[in-house]
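Read from first to last, the chains carry the letters A, B, C and D; within each, the first residue is number 1.
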Amino acid sequence: MVTINIGSSDFAAILPILVVCAFGIYLMVQGVLAPRIHKLTLAYIGLAGIMIAMVSNFYLLGIETDRAYFEGMVFVDKLTVTLNFIFLLTAALCLLLMTSYSEQEEIEFIEFTPLILFATAGMMLMGCAESLMIIFLGLETMSIALYVMAGFRRFNRFSLEAALKYLLLGAFATGFLLYGMALIYGTVGTTNLTQISAYYSENALNLNVMALFGVALLVIGFGFKVALVPFHMWTPDVYQGAPIPVTAYMAVGAKAAGFAAVLRVLVLATGQAAFEWSQLLWLLAVITMTVGNIIALVQSDIKRMLAYSSIAHAGYIMIGIVAGNETTVSAVLFYLVVYMFMNIGAFAVAGIVSGKNEQHVDIKHFAGLGKSQPMLALVMTVCMFSLAGFPPTGGFMGKLYLFKAAMESGYTWLVIFGALNTLISVYYYIRVVVAMYFQDSKESVKMAAVLPGVGLVLLVTLLGIFYLGIFPGTTLSLLY
Amino acid sequence: MEDFIWLIPLMPLLGAIINGLFGHVLKGKAGLIASIAVLISFLYSVKAFLMVLDGVTFDGDLFTWIAAGSFQANFGLRIDQLSSVMMLVVSGVGFLIHVYANGYMHGDRSVGRFFAYMNLFVFSMLMLVMGNNLLLLYLGWEGVGLCSYLLIGYFYDKPSAAKAGLKAFLVNRVGDFGFAIGIFIIFTTIGTITYSGIFENVERLVSAGVVTTASLLLFMGACGKSAQFPLYIWLPDAMEGPTPVSALIHAATMVTAGVYMVARFSFLFSYSETAMLVIVIIGTFTALFAATMALVNNDIKRVLAYSTISQLGYMFIGVGVGAYAAGVFHLMTHAFFKALLFLGAGAVMHSLADETNIQKMGALYGKIKITALTFIMAWLAISGIPPFSGFFSKDEILANAYAYHPLVWFFGAVGAFITAFYMSRLVFLTFFGESRVDPEVEKHIHESPRVMTIPLMVLAFLAVVGGLVGIPQFVADLWGGSNHFHHFLEPVFAAANERLHLAHLSHALEYGLMLASVLIALGGIYLAYLMYIKKAIDPDALAAKYKGAYTTLYNKYYVDEGIDAGLLNPIVVMSRWLWHFVDERIIDGLVNVSAKIVMLISLLVRRVQTGYVQHYASVMVIGVILVLGYYLFS
Amino acid sequence: MLSIPVHYFLILGAILFGLGVVGVITRRNAIVIFMSIELMLNAVNLTFLAFSNYLNNVEGHIFVFMIMVVAAAEVAVGLAIIVAIFRLRETVHVDDIRLLKW
Amino acid sequence: MALESILFWLFAMLAVGGGVGVVVHPNPVKSALFLVVTFFALAGEYVLLMAHFVAIVHIAVYAGAIMVLFLFVIMLLNVQEESRLAGVWGFMRYFSVVLFVALFVQLGYFGYQGFFGAENVPLVRETEIGTVEQIGTALFSQYVLPFEIASILLLTAMIGALYLSKQKLGLGEPARAARVKEALHEKEEAH
């Protein structure tokens, strides 16, 4: 007879996911049944759902942690809770951005809100996955929602091109990811991460080619999502074409989700055999940082520049992954939080400056912003300095922890490469600041209005960056 | 002591926040608030200094800043002899310059912004000198760099200003890169970031074999911040900023951060002879090299900028040969007279409608007397005329340099000679001789307002008597006194001095060197006098008036000519060549070329991003094959 | 049915996977590229089932179902995007769709 | 040669042949039909692997639903026969063969070398795991969470596909659509 060993605590373990999905389904039905509802109302209900999910996320701390639920499908630990928080906050901020963005562009919240909620649910699943199957399904839920969101300006050829490229290459990468999962399954005989972990640590010294290929293909699949060179090619095109709030969501949420999976698989599950791939990851980290930063130097489109910058930042985060010691997880998580604030802040400003139809996305359109919109310019400056890693911003602290983790494992050269790359990156971040303060605008750029929603986002990012830069300790001890 | 020292950095920070947020409302009051904030800091610094004088030092944590697992960083301050001196200099000179800036920046559009940056700078600089750990040092280090960048580019309507700010920023990044790596090496080897912890465990760096690397990397940071060869190129351009900024940041305080840092880590540096040697070589070379570039420059602020670079070189000679107290002493006296020179230059420009070309000045002595008199005192101080402050500090460095190696002394002395010469040239061309001022401007020449001249007078006082606290021991012995400054700093450098065993010179030699210093200074001034005052006298009028003396004078003129052709012309030519060719072409060029190469690579690499999905996919597949291949063959 | 070695299936999967990759790289038509990706996913399915049989473990079968679900979902969204692009640009050739580059 | 071996080779050749057809045939409709051949052949291989239920679902989902969708779209868009990648990029064809060989040698040869041992070649086994009952039990006990997630995933895809392909914009305001198109043209001109 079939026995089902699933109790209420199992549902408690995925409570935030359930809340988010429930709201997504509700909103979809609501939108269909009452089409006259004001579109922003849908967005605000969605926000409320995210808020409730955030609150319910704390409930996870109450249940028994550090164990698996749903017959070994999901795992609840501090990492789960932190990742949920990152994903939910990202979704909330991007949804807020979208409410403002909908003033300059027709956005249908009937579809958008459920999509962003489902995407967030997918990310959270990746964050708490205990099985390769859950990682795969979470990743695909997220990706499919993102494919559509990238093409959300569906009468804009740039947006649709971004969606198509993302979809084709994303599905292509999924193929490799699945092949890797199949090889791991064939090697270990299960997709459960704890058992995979046990297998890899027992046989760390005599893993056969198939076992190694499996993990390598998995790294490639995740590397695509987090935009590691040479699997980054989609990033600039898709970031440039997608609507700005969606770009922000992809840049932060999808990357965080990818790194969540990397943490789950590479650090926590197969970590014992880390020496087998640490060299490879070392190489990937260096190439990723360098390529991202070097190409970013000559970009004039702010979204494209931020895309290459996000590639470079994936490289920085890889430094922490390569380290593979006990500080890795907290360092990576801290950086992800910081990265969320500074990137969303930058994209929020870019969204306002770009104006209707995203016409003004060139860096030269930022000229004179320091005079005309001092607060916007301030937020952008802080974000740029944080991305470039200056104290006392969170970006500095984040890099500090990553580099520290690498140093503790003896990767001095990696840290030197990281610092050199930071040096290069200053140049293109500072270009934006120079444009804003040290140049006068030649043409009058009609910007979008700063609505309360986006104002809130700007405030949160500003406070977040400084808080993490000046008082990182509390956050860091909460993270992991 | 901990009940009030936290107020010292807090006050300027508050000032910065107030001016930053409400600057546009406060307008004229912004300067007042900024000055008061720095004044309070200064008063507390004096209090702290007096306590240190009584032997009370402080090294402790005010609160835990970051605590995460194995990593703990505290907000800790260290008030000892060295930092109390630095605090006095930063807040004291800073206060005077703030007061001066009230007059100088009067009527500027965004005074609030200016003073917010200035206060932020003072805050960062105080954090830099007061912190008791590497993280706060780095925080201050980046903070002052940022403020410097913002202030250089303050007149952003001028493209050259914005460009200069960017240049300063980017060049400093190169130094900071090394600095950060150095800090990281120290931190990971020793496992702590507090100074006290590091000094207790320097042996670990030695046993790990990284002490020289770490020291040199730290010094790389110092090279950037303190404008040493080859990272000095940003400083002359930085003169695009408002003059009070040049005085505060690019003369008195920020650029000395590197010297402070080396002095702070004297114990660490004392373990690496190689690093010390590198510091001496770079310092000596910069001292001489920058001085020659100041010879023919006609921009009053640029002359002072090259002079600053050169003087910083002397300070590095001091800390490099192990005479830390002497280096810090020169840092202090230099802060007085160089700030004074810059502020004086600013006052001159103020009087002359922002004219900076000294060829368009002259005979200003009678018209702006206070400015001229104070400027002259600073000139005498920097030239090394006893008993002005610069004499004692420079002499002490040169004496110690002689003990290290006579060759260092020789180059230093040549530099001193050139210094005396170009400073005299500057003074003579500006204040004496015939007026070459634009007649239009000449009508409006006026003395600066009181708010500007009073700081000049205070600084002039300090520039004159500031050296007396550090009269060399062998001179003080004459009346049973002692070298107070040296004595005061003794505890900080005791450990390093013990390791280094500085050679002692005989008294006769010390007197001899002192005499040589004075002669060199006088020689330089005299030569400038011959060239720029004598030349200015109209020979025809002279000949008519003093027929008998004419021949002699005429002959003397021949001497001048001879000197001109035989000695000076080559120097002038060389100086021009150094300035135009080496500085502008090679050093600047190298920086530009490397930037261009990176750009070119960037332009090429971006072409890989063709927009074709197929190519993206094939790049991915190649990546897959390489990754799998890596496992196959490893 | 005991005479076929499992790795025959695995190698067949690898061949089909490689063919799919070739299709993605060489074809211009977005729809055909999509079909090539389906080929890759089917190769993975075959691999999963072969392993499932080899290990006598049902998990592989479940995984195959999930892959089918995902494939169907991707096809739905992908074809919708292709249709939307065709409406706007009147082409489905990916080498014509390259406004975003460099 | 046993019957199952013959069937294996037959299906394998059909699958590979179909795959090659998909990749090389210039006509998208023919490509799609080749893909159907591959799918049927693969279903045969699944049966040989004792995965009967998967084989049936495979036919139903892939050949029945997905391929119909493909063909439908191809017909709808009236896609022409495709000329090969032109110009400098034409070499992609030859290059892709190199990539194929490299990938195959790595995955297919080196990856599965563990199975090549002469004595203990693992053979396909007689097993009950592929039955409807087994799979149903697993799906609704241990794998109930993935099953539910799959529903969310399908919902996501449904919303997305609907949004992207629906004709009118917003709440029935054709004027708005016109405005958007206008703005689009402006932007194009700006570029």
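To be clear about the criterion, contacts are C-beta pairs under 8 Å (C-beta built on N, C-alpha and C of every residue); 3 or more make two chains touch, one makes a residue touch a chain.
No experiment lies behind these values; they were computed from the predicted model shown.
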By Cα-centroid distance to the whole-protein Cα centroid, the innermost chain is A
Roughly how far is subunit A from subunit D, centre to centre by C-alpha average, rounded to an integer in Å? 28
Between subunit A and subunit B, what's the gap in Å when you average each chain's C-alpha atoms? 44
Please compute the C-alpha centroid of subunit A, do the same for subunit C, then give the distance between them in whole Å. 26
Whole-Å separation of chain centres (CA-atom averages), subunit C against subunit D: 4
Hunt down the residues of subunit B that sit against at least two other chains at once, touch-wise. 606, 609, 611-615, 617-618, 621-622, 624, 628, 632
In subunit D, the residues touching two or more other chains are 85, 89, 92, 95-96, 99, 103, 106-107, 110-112, 143, 146, 150, 153, 156-157, 160-162, 164
Which positions in subunit C touch two or more other chains at once? 10, 17, 20-21, 24-28, 33-34, 50, 54, 57, 59, 62, 66, 70, 73-74, 77, 81-82, 84, 94-95, 97-101
Category of the chain touch graph - line, ring, star, complete, other: complete
Can you tell me which positions in subunit A touch subunit B when the two form their complex? 164-165, 168-169, 172-173, 176, 209, 212-213, 216-217, 219-220, 224, 230-231, 233-234, 236-237, 276, 279-280, 291, 294-299, 326-327, 330, 385, 390-392, 396-397, 401, 403-404, 407-408, 412, 415-416, 419-420, 422-424, 426-427, 430, 434, 437-440, 471-473, 476-477
Show me the residue ranges of subunit D that touch subunit C in the complex, using the header's touch definition. 2, 4-5, 8, 12, 15-16, 19-20, 22-23, 28, 31-32, 35, 38-39, 42, 45-46, 48-51, 53-54, 57-58, 61-62, 65-66, 69-70, 73-74, 76-77, 79, 82-85, 89, 92-93, 95-97, 99-100, 103-104, 107-109, 111-112, 115-116, 121-127, 129-130, 134-135, 138-139, 143, 146, 150, 153-154, 156-158, 160-162, 164-165
Which stretch or stretches of subunit A touch subunit D in the complex? 2-6, 14, 21, 24-25, 28, 35-36, 70-74, 106, 108, 111, 114-115, 118-119, 121-122, 125, 131, 133-134, 137-138, 140-141, 144-145, 147-148, 151-152, 154-157, 163, 179, 183, 208-210, 213, 356-357, 359
Which positions of subunit D touch subunit B when the two form their complex? 85, 89, 92, 95-96, 99, 102-103, 106-107, 110
Over in the complex, which subunit C residues touch subunit B? Could you list them? 21, 24-28, 33, 94-95, 97-102
